[in-house]
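Look for subunit A in each of the two complexes below; its partner is subunit B in the first and subunit C in the second.
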Partner chain A sequence: MTCLPKMTDKKLGLVIDLDTCVGCHACVVSCKGWNTENYGAPLADQDAYGEMPVGTFLNRVHSYEVQPEDGLAQLVHFPKSCLHCDDAPCVTVCPTGASYKRTEDGIVLVNETDCIGCGLCAWACPYGARELDGVEKVMKKCTLCVDRIYNENLPQEDRIPACVRTCPSGARHFGDLGDPNSDVSKLVAERGGMDLMPELGTKPVNKYLPPRPKDQLSSDQTPTQSLQAQADNPAGFFAWLDRTLEKL
Partner chain B sequence: MHPAPSVILFTSLSGVGFGLLFFLGLGMPAPLGLNAFIFYAIAYAFAVGGLLFSTFHLGHPERAIKAFTQWRSSWLSREAWLSVLALGMTGLGAVAQIFFETRLAVVSYAGAALCLLTVFSTAMIYRQLATVPRWHTPMTPVLFLTYAVAGGALLSGQVGIAQPVLGLLGALQIFAWIQGDGAFARSGSTLATATGLGTNGSVRAFEPPHTGTNYLLQEFVYLVGRKHAAKLRLIAIILLSGLPIVLLVLPFNHMFAALAVLTHVAGVLVSRWLFFAQAEHVVGLYYGKRG
Partner chain C sequence: MNIQPTVDTSPKVSDEIRKTTCYMCACRCGINVHLKDGKVAYIEGNRDHPVNQGVLCAKGSAGIMQVTAPSRLRAPLKRVGERGSGEFQEISWDEALQIATDWLRPLRETAPEKLAFFTGRDQSQSFTGLWAQMFGTPNFAAHGGFCSVNMATAGIYTMGGAFWEFGQPDWDHTKLFMLFGVAEDHDSNPIKMGIGKIKQRGARVIGVNPIRSGYNAVADDWVGITPGTDGRFILSLIYCLIEAGKIDLTYLARFTNAPVLVDPDTGLFLRDDSGKPLIVDRTTKTVVAFDHQGADPDIRGMHNGAVTVFTKMIEHFLVPENAPEAVADICGISAKRIRTLAAELAHVAFDQEIRLPRKWTDFRGHEYDEMIGRPVSIHAMRGISAHGNGFQTCRALHVLQIILGTVETPGGFRFKPPYPKPSEIHPKPHGDATPNAPLNGPHLGFVHGPEDLLIDDTGHPKRIDKAFTWENPMSAHGLMHMVISNAHAGDPYKIGTLFMYMANMSWNSSMNTSSVMDMLTDRDENGDYVIPRIIYSDAYSSEMVAYADLILPDTTYLERHDCISLLDRPICEADAAADAIRWPVIEPDRDVRGFQSVLVDLGARLGLPGFVNDDGSAKYADYADYMINHERKPGIGPLAGWRSDDDTGRGPVNPEQINKYIENGGVWVKHIPETAGYYKPWNMAYQDWAVETGLYDSAQPYLFQLYVEPLQKFKNAAMGHGDHQPPDHMRDRLKQVMHPLPIWYPTATVENDQDYPLHALTQRPMAMYHSWGSQNAWLRQIHGMNPMYLPTKVMRDHGLRDGDWAKVTSPNGSIVVPVAEMAALNEKTIWTWNAIGKRSGAWALDPKAPEATKGFLLNHLISELLPAKGDGMRWSNSDPITGQAAWFDLRVRIEKAQPPKSSQPQFGTLKSPVGQGPKTVTRSTKEGS
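Our next item is the complex of A and B:
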């Protein structure tokens, strides 16, 4: 049923730390690997080794430049996947009931045998979290690795989403955001975790931790400034070299 | 948004078809026998033909029957029900008029109402999307309904109604274009709100996540043809509203009437192409492709 549950027992989701993400795309690769080999239709590529490769991914890492009023620009790597919204617009538009939000843990899933591939859920998602697979013609999206997190055949430490398990910088956290005492909820409270496009009222479960303020470099302290000072007022060996070359 | 031919043909043709069925349902005109057959055949060719085109938009058309299940929440599912009910109800009226030469008033009026509701539900599929600010306005259903009524009046030969409604349609469409051009800016979604990074400074897309294209870019960040948008708008208005009105003012003959229908439908197709091609989805923000 594509009506949303009034509330869910848990709100499983991710907390992504934009301060520590180094933009290595390891989460993208591990996500593609796990979700191609396990639950549901594989994530297909077209023309993978040709001129115009295209493929389905459930997680993609953008990079943004943030230019403060004064001071140096900062590069922020920005992994983006399904936010498992409480008020998920992708679910209610689905005509077949293929898209649904689970009552027990709040995960938004697609039942691929019911999906007619109309694409309307992807139109309704502001975040670009859903992609129609080019081969299977069904809608693919992050499952929060539902086939890992409850999988008793895996060792305990692997029962977390593949992207979280693989992140080498500890920028991705997984837990119950509906429980105020969970580690992820405390992290969100402590670091001022934020929603993406809150104005659209989707109430995302996933939260993003903003980059911490960097050490303030004033404009005369920039890394190139000290080199400029050496070039303008050389001393020692470079001063002699400078004088000698001037005379030639 | 990607202006898929299947969706443009579906919304344009089924809109005209249900518009004609609406007028036939009202008994304007109320033909019997062979005449009724010709009118209803034209109406169903547009309405059913349009609906068939919509299935080309599906990845799995063989499962389309499942789209009838979620009418409680989904406008697309409601549209599926309403279109079948509208076709069925007007079909009953058509059978009575063609084979029994009688008009079933109650059935016909109910069919007419269902036709308008079907067009309304089609429009609501677009109107409900907060992710496309240009569509997320009551103007979307108002426009779709006016398109259907104008096309229906034209095809059913209701010249007295067609003239003012075609004029109204042109005015509403121009208003919707002007209103729509500022809709994205008014929506308040920016790269700053999309990333949450706005408090730290001005945000610029530095590097995309992938070097090639992908489904999202192909479907939502359509850029081709925007440079001719102003010319295409002019062409659309002349074809869908201006020329048909002139042709209807001229002394009536069947040649002019047919020409008015043809130019109107051509204009509807151009304006519907613009409806999709000019619609900006907020996901483009993540790729630095919006204002």
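Our next item is the complex of A and C:
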């Protein structure tokens, strides 16, 4: 068993806007590219050109259809990676102490030299956010790009997770969710940001901004004076027009 | 308490960043390529690039896996087995270039048209087109004919520019963004960035698309229209707006041809002696040229029985068949919803008008204190254009934008340089071949009447694809999808060599794929191939490689020079002109060469004008040398940057030009002054800036063409007027479709809708670009197979569940494929992802790869010809105006099928010239992999 810190100085995490995520997978591949080159072992792809390609990804996008009882069906794109929970069951279940939550920023990491690849943490994570690398047999997970966000070899503006930097629609935000005055905390407050499966008591740091209501455009809401018929035939229209042009 | 490990939070990122241009789709974003020990370590977006401003899509980030793709060709190949077998021998470049020269030289000396040179997803058409022109063949085009030529031509004829690289929504000011059937590989990052930006501001998005995925999934309102009926829907929106008087009368009078007088007898414009269209000036009540200084054009003007375009337009649009109630059923949208959408457009355009305090002066000398904007922006692409009625549908959409006053105004749609540009200043098409001589001019262009068609005195087409004939007079991008079929049929003539680049014509880029494979391998009575010789250039072991006789292996995009030129398909922004380069950020590790450099070499070997010096020696060492030293006219070259000290865009050759681009991140940007930023076609500040930049030689103010006179000229010919007459069997169709005002007509690919009740479409996934993605170990894990998505009702009606299989049948054949349910889908539409399905053995994939065993193409169901009409003619399955491939007119029926071993049809396993990929990949420079 491994202990969680009682508190962390910061709560770094992601705020993901489900209203603007178009499901393009840019974050998925940017994450793969950065992380296969950086923290820990590379992210292997097995049977890469074969029948059953299976690779390690730290971030994946799922898509769900929603069928309202009254209204048009909707499609929601849902990017998912480690939520860096305050009460992270993946840490407490770790038999070697390889999984841990950092005291300074709350990032949950795996110390690969101590990881025995037992997979208990992946079972314990209710979000399916951990993947055992098929080649190295160590547990891989989102590091929140711990090797970017403080990296003095990167310009200040690039010290953000790779997925946030690359997201074309601006649906991913990074910051300190422990600071109520941070941009991300304000965004969460404004947009009703939500925990994923709060009933599990994991206290995730990452938040999701819900999609805005869809298909609200109805004649009840659109000012009807915008479209009052003047004439439904050319002769009537020209009579209206001649009156209007007089005034121009 | 655990002891927390120490993490190196500042590892070295790379030894060096080299900035170049992405080629993972047609978007052409700027990328930072991080190198470690000379190897690519990581690719990210370039923050200083105008297209993507730092972001990058899944394809772009996965570019690193293109370099290590096992499907990469290794050396030139000579076919040694039967065509289609994949049996090749690797040969030297000397031998390959000698073979190509030996095949091409006799054609040039006797009949240059016997070379058909088509360059697919080429991003260097101003160069490849020049090469073909100097060779002398009329048979050149890229893939525009099967992509989105309807959109391009409708835009250029109507308003001097179209969507995608021609223009963009005013993301900073728009309040309502309406998106029709977009193609994901076109402007993909800018659209995502724009949607994110406007949503942050609380602006709204309306998506019009049969399928609610991607951008439509995040749209505030989704209009799940029935395919092919967009034109009808748009005409109804126009009807509603006119009926309510919600049109911008001032904009129409000043900036469009609404006030131009139309001759009642000919339907052509009244013109003055210098050929300028005439208008009535409201102030003086006199008839003057459209650009008369100080004139106040009268949209209700009349003169000797002639009325204005505006009058004809109202009579044309305000008719009962355009009322929402008349179109609701066919479009699959209720009349109430159509009226609501029209009301929303009117509300935002007129009740939420915006005014920018920028003074400007128009071409008639009128001065304005501010720029008025109607903040409705509209964007569209292949979805509405790949239909047999696509040109007129795109025309209708532009007319909708224009009557709302939303083009080139704040909050609306804005052109990007070198657009706006009136259709008249584009070249006309040229097609006269002479042995040992260049073609008489550029191949592709814009016709302005029957006299511009490329047909000989007997009415015979001059081009192999029959572009610019009565069958498709305005085919400004050619018809690449007809080349193999026509060459095989010897209609209009036989060819000697088919030379292609980056077009997977024996697979996903052709209609009727199985027949095309037969055509490519068919032999004549002497046992010779009907298409005698095929040269193909590709970087990868695509399906097409197996069907060529000589393969010229290309580099990847990270190993080559390219120019993203203002002469070509530029990357400008609405506020700036821009061009860019690619350069070899790494060297190839094999015997491959950039295709453009190979063409430079071939051009010299063949002695083509422009490619040799007076003494016959090679003019350019390679493509980079051409990029620097070629001048289209004095002071204007492929690249506009760093040509002069004041960096206007014009100027002498600068030997340091490419180095300057590299120093500047691979891109050159020249900003448009604020006062020139909107109203560009009429704004003299913009016109002067465009001349200074080299986009025009003189100011070119013009009017938007609500009424397109060249269409009327073709219609008149069909009615029997004039010297240039169509064959009689074409007259009825021309009379119907060549309407100078937008119309809608049903497209007929089946005789009886009841037999084929469903529409079938493809969409390009955001993480894949045509067939290239499947060789990419990362991207194929995102889109490794493509189910046929069926709407809920169709699933229920046929007793289908996810994972079941169905037989899908069109008049052209059947396929058997896996199905999946999708609720957010037009109920008469089924669809799948484009180009995921692969031929077994291609792309260095395991023959058991899901792309081959479960993936499939819709192409087998789509004929390149319409159903026979009993007249002996081969009627192309293309838009009758532009020749655009009508991919999306496909009609099908489905039935439940027993699961087969693999999706059907299958064509046997190709022998891979490069073997198969490795089992495991661990991508990292640390591991040395």
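Just so we're on the same page, the second predicted complex is superposed on the first by the 214 of 248 C-alpha atoms of A that agree within 3 Å, B and C clash if a C-alpha of one lies under 4 Å from a C-alpha of the other, contacts with A are read in each partner's own complex, and residues count from 1 in each chain.
As a working rule, a contact is a pair of C-beta atoms (placed from the backbone, for glycine too) under 8 Å apart; a residue touches a chain by one contact, two chains touch by 3 or more.
Predicted, not measured: the structure shown is a model, and the values here were computed from it.
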Touching partner for A:76 - first (subunit B), second (subunit C), both, neither: both
In the superposition, subunit B vs subunit C on subunit A residues touched: C
Which superposed partner A:109 touches (first subunit B, second subunit C, both, neither): second
Partner chain in contact with A:151 - subunit B first, subunit C second, else both or neither: second
Which superposed partner A:212 touches (first subunit B, second subunit C, both, neither): second
Partner chain in contact with A:97 - subunit B first, subunit C second, else both or neither: both
Which superposed partner A:248 touches (first subunit B, second subunit C, both, neither): second
Touching both subunit C and subunit B, counted on subunit A across the two superposed complexes: 2-3, 25, 28, 53-55, 57, 63, 65, 67, 73-76, 97, 114, 134, 211
Subunit B residues within the subunit A interface of the complex: 1, 57-61, 63-64, 66-70, 72-77, 80, 125, 128-132, 187-189, 191, 193-197, 199-210, 212-216, 219-220, 281-283, 286-287
In the complex, subunit A residues that touch subunit C: 2-3, 19-26, 28-30, 32-34, 36-39, 41-51, 53-55, 57, 63, 65, 67, 72-77, 97, 100, 102-103, 109, 111, 114, 134-135, 146-147, 149-154, 157, 162, 165-171, 211-212, 214-219, 222-224, 226-234, 237-238, 240-242, 244-245, 248
Residues of subunit C touching subunit A in the complex: 1-2, 4-5, 7-13, 41-45, 47, 52, 54-62, 64, 70, 188-189, 192-193, 195-197, 199-200, 204, 206, 212-222, 224, 240-246, 249-250, 299-300, 311, 314-315, 318, 323, 336, 339-344, 346-347, 350-351, 766-767, 775, 777-782, 784, 792, 822-825, 844-846, 848-850, 853, 916-927, 929
Residues on subunit A engaged by subunit B in the complex (per definition of touch): 1-3, 18, 25, 28, 52-57, 60-69, 73-76, 78, 80, 89, 91-98, 114-120, 122-128, 131-132, 134, 136-138, 194-201, 208, 210-211
